[in-house]
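Look for chain A in each of the two complexes below; its partner is chain B in the first and chain C in the second.
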Partner chain A sequence: MELKEKLVSSFLAFENTVDIDTSVHDIRSHAIKVFEEKGFPTKKEEAWKYTSLNSILKHDYSIFPKEENALEFTDIKKYILYDLDTYKIVFIDGKYSSHLSETTHDKIDVCLMSSALTHDRYKPIIDNYFNTVAREDGITSLNTAFSSEGAYIYISKNKLADKPIQIIHFSTGTESAQLLQPRNLIVVEENSHVQIIERHQSLTDNPVLTNSVTEIFVDKRAHIDYYKIQNDHENASLIDNTFIQQQAQSIASVHTFAFGGNVTRNNLNFYQKGEGIDSILNGITIIEGKQHVDHNTLVHHTEPNCESHQDYKGIFDEKSTGVFNGKIIVNKKAQKTNAFQSNNNILLSDKATINSKPQLEIFADDVKCSHGCTIGQLDEQALFYMRSRGIGKKEARALLMYAFANNVLESVKIPQLKQRINKLIANKLGVDIGFDV
Partner chain B sequence: MLEIKDLHASVEDKEILKGLNLQVKAGEVHAIMGPNGAGKSTLASIVAGKEEYEVTGGAILLDGEDIDELAAEERAHKGVFLSFQYPVEIPGVTVTNFMKTAINETRKAQGLEEMPAKDMLKKIREKSELLNIDRKFLSRSLNQGFSGGEKKRNEIFQMAMMEPKLAILDETDSGLDIDALRIVANGVNKLKSKDNAVIVITHYQRLLEHIVPDFVHVLYDGKIVKSGTKELALELEEKGYDWIKEEINA
Partner chain C sequence: MAYTEDDLKKELETKEYEYGFYTDIESDTFPVGLNEDIVRAISKKKNEPQWMTDWRLEAFRMWEQMEEPEWANVQYEKPNFQDISYYSAPNKKPKYESLDEVDPELLDTFKKLGISLDEQKKLAGVAVDIVMDSVSVATTFKETLAEKGIIFCSISEAIQEHSELVKKYIGSVVPQKDNFYAALNSAVFSDGSFCYIPKGVRCPMELSTYFRINQAGTGQFERTLVVADQGSYVSYLEGCTAPSRDENQLHAAVVELIALDDAEIKYSTVQNWYPGNAEGKGGVFNFVTKRGLCETNAKISWTQVETGSAVTWKYPSCVLKGNHSVGEFYSIAVTNNYQQADTGTKMIHLGKNTKSTIISKGISAGKSQNSYRGLVQINSRATNARNFSQCDSLLMGNECGAHTFPYIEAKNKTAQIEHEATTSKIGEDQIFYCNQRGIDTEKAIALIVNGFSKEVLNKLPMEFAVEAQKLLEISLEGSVG
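Moving on, here comes the complex of A and B:
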């Protein structure tokens, strides 16, 4: 049976596991119909022209998480920022792992979507926000239809989350192939601030497909920094759908560190709903082998005096392929918009490819919008310069790549995280030199 | 120390060096002068190991060992240093960090332990004082936004840190005002010893007033066509290169 049919027919079984007399379930029921109608995206769609899901949809994925497969802290320590005091929401094969997690209801809510969807206490928030910004495309609707678990984070007015929050998903290979569909809801009320780190990590050779949807609401003058670490197993694929709605004078930044996996697709959407908003989208992609990373971004400016800054760096080796598709829409009303986008790439091999496409739709006349894209090789003269100082070829190349990606790295605000990313990059490039400047 | 024998080299099939001979002994300072396009910078890059150039004949010996097959970093490990005419900007890598990496990679290749952080800092302090380099300067990204003079001073600072056996200064005087020139020359002179050698490549005599050469060579059309002492540099300054061209063509 094709995956799509299997999913649609599994919806009945799913309904036996959730409360169907809720408004959330009305949303799910509608979503499964949308998915049934639209299905998975194909390369015929403009937005998916360079990313094919065919090879990853052929597996016979198990759809529902079974019992929790226990992992010990020592098994997963290296995937967690453990030298930093954080809240943690940890899932193993889609099931919440209470003994690896550290949640809270003290002033802020850092807990589970399954609780938020079923307890009355959260109903006003769920009714107000759930599925209100997520798009109605096939892949998002699929997640919505089966949405039941994920992270729920609520920061009420004038609160500073006292420490960063890590959301980590592990898959352990208890199933021969596993589909995971986490659903996250994050609400940051007026004047509040939170930092979140998200990671998907497969610990198995078995294929894993994660179709994740995260809705983020950033109220007036609120501030969120979101970091995505994508450094997964070669058989793990990720479709990461993030929808961010911002109110006046809020700041939202998303960093995406795409260091591998099988097929990775990031759909990152910012919707500005007030004046004086800043949206920041940064990314570093470093991949090799046959890995594929696709960044599909959207920033929709609807009100005057807002900004957006996009800076994506890509380094592609061997037969890896990259896509950057950055769309900026500036409504007629959104005068004095400053929207900047840059996508710089280095191809280390003749067989690596990058397709980079800016899409600007500007309907206002008094705006500053710029976009720039470069595709090049490592600078030979710079390599010679470093090597003439006694630095070996591999290290010199690594230093240059590090320098190339540096300004994105510099914008990481959590020092321990920055250090960890440094280390991941050094590992990626196969060098043992300290980058921490 | 350095012996270049009948060196022929080309880049993209264009022959640039056409049978060059040069012998440099420890403790000596040699100046190589010559008109634009004579092959001066090519010679510097080839000795330092730039891969784009193809050596088609002859040999480069360092302490009697043919270094033609060695990579640039291996030559550096053996004590060859090139001060670049156009130092490359490397954003995100500070001067200090670059030097730490360069020195420790070199030590690793020489089978030595990494230099203890304390010693490294001491050395950096000493050498930066020698070249009047502000401490703040050391935590800036390598060459990024540096003025021409700062770049050159930074090159000599790196030379001081690396303590090479053979230093080649490629047009280190270009873009320097007289004060910077004096600081740079003073730095080079302090680093000079009976165990190392310096090759100064320059267009002009003025650097040679400060770094006094034992020998001056004229490089023209891929060969050394005339050698002499420091007086030759003065003569070149006064008369230009035309008389040499005429002498050769006669």
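Moving on, here comes the complex of A and C:
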């Protein structure tokens, strides 16, 4: 059976597991209809021109998570930031793992979507925010239809989350192929601040497809830093849909570190709803093999005096494919907008491909908008300079690539995380130089 | 009274199309509608050989299977292809040797356009092959060109007299089924120009063609084919103005350029079809397919100044097939009132050490929408390919839009690609600076717009640059000095 039909018919079974007399369930029922109508995106759609899902949709995915497969802390230690005190929300094969997690309800809520959807005390927040910014495309609707579990983070007014929050998803291969659909809701009220780290990790050779949707609401003068680490198994694919709605004078930054996986697609959407907003989108992509990473970003400027900054760096080796599709829309009302977009790429192999499509759609006249895109190679002269001074070829290349990606790295605000990413990059480049900060 | 940007805007809105007039020449027009019989009839009318008729029919059958594309960032009411007459030719068409024999009414038309033949003849040796309602009625300087072995004639004539050349090259760069409008053009093209430069010849003069739409309800389907043989050089100019009309007119041309080894083709266009009035009513639909093929060491350079048409959909492209070939694209697109332009280029790098440059300047005013859409593709065997693209947009007023849709696809590690785009308005400080030095606002805007487009204007041949300025003035009266 085609995956689409399987999903649509499974919806009835899914309805047995959740409370169907809620407004959330009305949203789900509507979403499954939208998915039934639109289905999975194909290359015929402009936004999916360079990314085909065919190869990953052919597996016979099991849709519902089975019983919890217990993991010990030592099994997963290397995938989490253990040297940093954080809240943790850990899922194993889609099921919440209480003994690996550390949640809180003290001043701020760091807990589960499943409890937020069922307990009355969260109802006002859910009614107010749930599925209000997510788009109605096929893939997002699919997640909405089956939304039941994920992270729920609520930071009320004038609060500073006392430590960063890690959201980690593991898949252990209890099924021959697993589809995971986490649904996250993050609300940061006025003048509050939070840092979040998200990671998806497969511990198995079995194919995993994660179709994740995250809705983030950033209220006036609030501030959120979001880090996505994507360094997954070669059989694990990820479709990440993130929707961020910002109110006046808020700052939201999303850093995406895409270091591997089978097919990785990041749909990152920023909607600005007030004045004086700053949106920051940064990314480093370093991939090889047959990996495919697609960054699809949208920044929609609707009000005056806002800014957005996008900086995506990519290094592509072997037969890997990189896609960057960035769109900036400036509405007529959004005068004095400053929007910048930059996409720099290095190709290391003749088999690697880069497709870049930086777009601007501008309807206001008093704006400063620019985008730049480059594709190039490592500077031979710089390599020669280093090698003539006794630096090995591999190390010299690594140094140059490291320098290339550095200004994105510099913007990581959690030192331990920055160190971890440094290490990941060093591993990726096959060198053992301490790029310590 | 100080001249402000608002005044300029008002002036722009009320500025009517100067060249809106209509020449009454009896023409024999086909009944409206399109089917295989019409295609056969066009072919028969032109006394074409069998292969040409078959080629047209093949294209027509493909066209029937195709759907009108919708991806472009433009909105318009789709033309009804059964409502168009596909052939019209001026009735009296003896071949003129001198201007005295030409219908005086026709000469008058050209005088209004500011391109009177006698003036042209005296000026800088420009040979003009005039296409009036799809059929060539006057060709000058032919003898001079013939001495060098250059063939420059209407494509119908070429089909008769140089059938081997046409057969070899037509459709080789833009195949019949390339896209919806190219297929339509292939089936029904009425006339156009053909140019062949023999080996090692440098064409001594600028070749130019003027297109006009004259007959009400007649779509124009021009076909241009330029072949530059090894080591030759040609500079080809094309310009258009059209009389004002209320119903939308369709223009679906195909231009094919072939630059063989070491050849160079420079193709310049000034396009000023009727853009519709200030309410966005009327105007020409301009859906053009232009593409050039470069063999080893060849160079093709497209320069365009787009000021007219209600809807423009045009992507002059270069296929850089040969090693060391070079493609260039320089464009100014000006849109005003309700005009919509979706224009850009495609640079397909296939050969080694190929280079391409894209400079695109978009100026939007009024309620217009101006889009740049470009593709730079580096194929896996195109080592050391180099591309530089720059797209700048200038917005005048806050009701217009400027959009950029670049596609960059690289499959070779030695590729070097740079793309940059900016969007801005005329800075108040820039105008202030000029005012301070005694330059009034109108002149200041002119100065700035001129400076903004200079990189492209400079690429136009001398003879054409003057006219380009003239046409820019119609679109942005008072802002270009």
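Operating definition for what follows: the second predicted complex is superposed on the first by the 436 of 437 C-alpha atoms of A that agree within 3 Å, B and C clash if a C-alpha of one lies under 4 Å from a C-alpha of the other, contacts with A are read in each partner's own complex, and residues count from 1 in each chain.
Here is the rule we go by: a residue touches a chain if its C-beta (ideal position, glycine included) is under 8 Å from a C-beta of that chain, and two chains touch if they have at least 3 such contacts.
This structure is a prediction, so every number in the text was calculated from the model and none was measured.
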Checklist entry - Thinking of the overlay built on chain A, is A:21 touched by chain B (first), by chain C (second), by both, or by neither? => result neither
Next on the checklist: Between chain B and chain C, whom does A:410 touch in the aligned arrangement: first, second, both, or neither?
Outcome noted: first
Next on the checklist: On the A-aligned overlay, A:358 touches which partner chain: chain B = first, chain C = second, or both, or neither?
Outcome noted: second
Checklist entry - Who does A:389 touch here: chain B (first), chain C (second), both, or neither? => result first
Checklist entry - Is A:37 touching the first partner chain B, the second partner chain C, both, or neither of them? => result neither
Checklist entry - Does chain B (first) or chain C (second) touch A:345, or do both, or does neither? => result second
Checklist entry - So which positions on chain A get touched by both chain B and chain C? => result none
Checklist outcome for this item: Within the complex, chain A is touched by chain B residues 45, 48-52, 71-73, 75-77, 80-82, 84, 86-88, 90-94, 97-98, 100-103, 105-106, 109, 141, 158, 162
Next on the checklist: For the complex, give me every residue of chain A touching chain C.
Outcome noted: 46, 332, 335, 345, 347-377
Checklist entry - Where on chain C is chain A touching in the complex? => result 71, 378, 380, 393, 395-425
Next on the checklist: Show me the residue ranges of chain A that touch chain B in the complex, using the header's touch definition.
Outcome noted: 379-382, 384-393, 395-396, 399-400, 402-407, 409-410, 433-434, 437
